[in-house]
């Protein structure tokens, strides 16, 4: 069986990465690629690295063009997916790589995004626990999937096992992330110019304003945290690497748990997960080692002096953070082998 | 009056930066430069950017060579300064850019460095408060000065005003730092190769093992924190920029203080400081804007959702973090204008 | 005497660098700073590294605002300076950091820029030879100065001595330049986004289309090359560093000259130049060593196997390539010490 | 059929990349990995990105360990392969990723490497023409293969078609390359430290001393150039990207050829090549677009003003430059599908 797929936003970074992964997927035919303003141009004019897709031409992103495929991936700015809802009513699987369908709380949506609250879809992080089972189970047979926010899923995967096991306190989480600029997309903005980023570390959204905060909270509540008992200080810092998230997340140790009990929480959560890696004690991940790979690589430290657990996570924001999460979720939803077309090995150095 | 100066470790990064600053100092004659294994070579063979010092030749780092100057700067690996103590007994001012003379606690020294505990010297961060007065006062007339650790002074300057004012709780500090590799020095190590650092974010010393932790604690106790009431989770992350520290430091808000009261603590502490800059509310610093400058640039956020104050600080690790701190302290100790030869403006982009 | 100065384009990269240098100039008062669309904002909102100029507010770039200063610096996109000609008729010194007044040939202007050919002004590279004397002499007392193109002056300084001495053949020059993106300015363009530049080397203007080619030719003719005997293959490559030009320029060895005779040509040309540095044989420059400095640093190789002289030149495009050249020329024109406010030492690493 | 493979130098960059490619090869079992000084350690301790090979342990690089495999890949410093010759006498296929077996000329070996001249092996660039046929034909059934030098093969592929067709003159070639530091290997050297490379462009081997020059000459002679009619000026420049070569190569246009005739030479040479890509006229490659891919991507310009053809080539030095060339040649030698396990698409941005 070959599935026909359409990818919108194909000239951007998220769309391009979805195409890079799907180009190696044996069950998929990439039939349609669309872009807002570049219709009529070859895909490789915008994505010259995707030479195996040199036969594809960009089309306009319209409901008519997107309709009629087995799978549609929307890689659009937030707020834009609703206009395609009707046209895609009969599409067996729609995956939104944007933010529209991630949040279950209308209040959070109103606070962090504004406007009408779109319907929440199945959240595309199979390794998280929701209602006592892995989110993987909720994705089986799903017809509408929300790919996660890259920062949000990185932090959620970092801390959820400890929250679920009750060994860390979600009431005083601090996360600081070194992130590459590709997560901010391909739109030309002065603050994302190479001259501004090269040789510099630039914080943004400091002080609790980042839109991924409610998404982390939602994931940790799903993992077992009390809804009113979560506090997260979240600070992203742009650093001069095109891809990658290096998230340092800490939470207080809860009660009288041993180091072994703490580590066991993460080991148990991810022992059987192909795409979440817990490094040996004393070893911590680098973003280079996940470049291009669908991996969240975690290192765990227990700092008794600070009374905190520290989890350092490395993720390629465009792969496990976005496009890989989308393809992994697609595989699950359609009953394919979950690992199809998802690289384990990174490209380093 | 012209002061004769000798700089040891002149072929390294800290030594080079001290020379870069002193080359513009009107009251100083750089008479002697020494290096461990490059004696007899021109300084510019190792520091080709210091072309105004092209007349200088490196000498061996020996007590005899260093003796007889008005000022000696030791930019050596830790543990090496003691061998010069006797020879420099008559030297009016000795500044150690290394770690040997920073810590007052023998226990901390034993835990984090090991070996005999060298005598603590006057700590070279004039803007910190020690015993109710600015450290500047303690530096006046000092004859032995310990330049600070770059990460330590960055975090200490970030949080000391709030600790001193009692508006934050030092009992649960979390600091995560994006740092450039020049802080690790010029010795050839595989993990510091460009191929390992480019395009990657690499954490190190995770979990409470970094040697700057006791130095931060010492500075916050000096600012008024109870010695047994400080907990610091400290995680540095190497990022691909040669220089710079972007430190994100957070601490819980203490009691019923208003936003204005919190901000006032930092404003009061640094209003008259030429080399510590508090940015307007909502503005946060980038390391590019302090490149080459003797500035700690701070941005302050108050996150009521997380109940934490967040201070983001940008420092050039080689200037305000090391060499600038040394020269600033030297100026104070010798009764010169504190600002002599210390750039305010950064080199950006 | 204090000169009042106005700088237009003060929110951009070239304007910012002119301000960084002038801020340290003892004979100058920066009275007015203007920017196209940011009038009313503080300068430091756009140039946060220029904290010594925090008192300045951006004004609109209008003839009225610019008139009435001793010196006006125009750092504007090409084609925009003409509109200020009348208003600045009485201004003692106008320096254009843009391209408008560099080319003496109307044909070249028509071919590479188009539109009316603006009047050529005194070319701001004092170290080049024009009509048998250093351009420095032509700049004394000048009232209108055209700062050079950064790539053009770098290549011209690299090869002019050999052309003037007749030891290289200007008929088959090849120059390939690794350049940082700041030379392309601060306007938001997709191809200059950090995500596009980081980790990549990107050629542009390949095949003889770059606008600096006629400017190089003009300089080499001034140095003594026959106007119809110059051929230049010129290829710039964007690389991931914010500043810097590393130009590798080669030309065939001409006739039966010895290595010593070849090297002597460059030595003679630059022996007394404070801001052009000829490195010892076998040593070649790096851009890090000129960062922030007003230096063209040259290394010379003679490759008998290829029958070519190779000159590798490192220049900070924003300093010696633009703003430093402007200030150096200003100093000469006004009879000030040529070296005032111009750093010799770079900021490395 | 599954081939047993041993890879020596497995802890280095070239060895690691060979393993990354072979890990996806369906006909290969990576049985043995060796490293000079890390025997007994897990491979992932040195190559944490190769998590699919987490079961492998490094062994000592000895003749006994390497013997007995179907394929042995030597990724060792030059001069070290000879000691394994006897032990591998019965090994069906040996591939040397180092320099030992590339040069056919004892004189060139003596001049550029020194010592005994090792036997030349089949050169691993299938797309070059040797003796009127593609080198691919010479690789079929080969038992000893020399993988190419990354810079050499990039320049050879850039210019060979024009040389073979007689449209360019090999007597005055100029090549300037922007290269990432991973080509220099993983040994700790001060000049390769991140602090030295970040933010800087650093030339090396200027003036005709680089060891890849005779290798280029050899390839162009094989393509049809007269042995005594080749002159190459070759300058590599280290730039701050971990991987990648951006080679700008130019040669004079020969005789009265039209632009179409020139372009036709390259089109004919590479029309059927899966791993050499000629971009459309006016389009030039970036290294980002070949990252991780086994592609040489070429852009061709004809500059009549300079009377030169310019070919800009982008290659990932570790893939098409080394490891991909090795695997591609292995596939051909063993009669496998040439494209097996060789990525076409790059990882960008």
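For the reader, a short list of remarks on this structure follows.
A, B, C and D are the chain letters, set down in written order, and residue numbers restart from 1 in every chain.
Basically, a contact is a pair of C-beta atoms (placed from the backbone, for glycine too) under 8 Å apart; a residue touches a chain by one contact, two chains touch by 3 or more.
Computed from a prediction, not measured in an experiment: that's the story for all the values here.
Chain centres computed from CA atoms place B at the largest separation from chain D. The angle needed to superpose chain A on chain D by their Cα atoms is 180 degrees, rounded to the nearest 5. Against reference pair B-D, the listed pairs A-C, A-D or C-D yield one interface repeat, A-C (criterion: more than half of contact pairs the same by residue number).
Chain pairs A-C and A-B differ in how many C-beta pairs they share in contact, with the greater number at A-B.
Between chain A and chain B the centroid-to-centroid distance comes to 38 Å (mean Cα coordinates, whole Å). Centre-to-centre spacing of chain A and chain C amounts to 45 Å, using the average Cα coordinate of each chain.
Contact of a single residue of chain B with at least two other chains is seen at positions 13, 182, 195-196, 198-199, 240-243, 285-286, 288-289, 291, 348-349.
Listed in rising order, the residues of chain C touching chain D in the complex are 172-174, 176, 178, 195-196, 198-204, 206-208, 213, 231-235, 237, 239-244, 246, 248, 250, 252, 284-289, 291, 299, 301-308, 310, 312, 314, 348-349. Chain B meets chain C in the complex at residues 13, 16, 20, 23, 47-53, 182, 198-199, 242-243, 277, 279, 283, 285-286, 288-293, 295, 297, 344-349. Listed in rising order, the residues of chain B touching chain D in the complex are 13, 180-182, 186-190, 192-199, 240-242.
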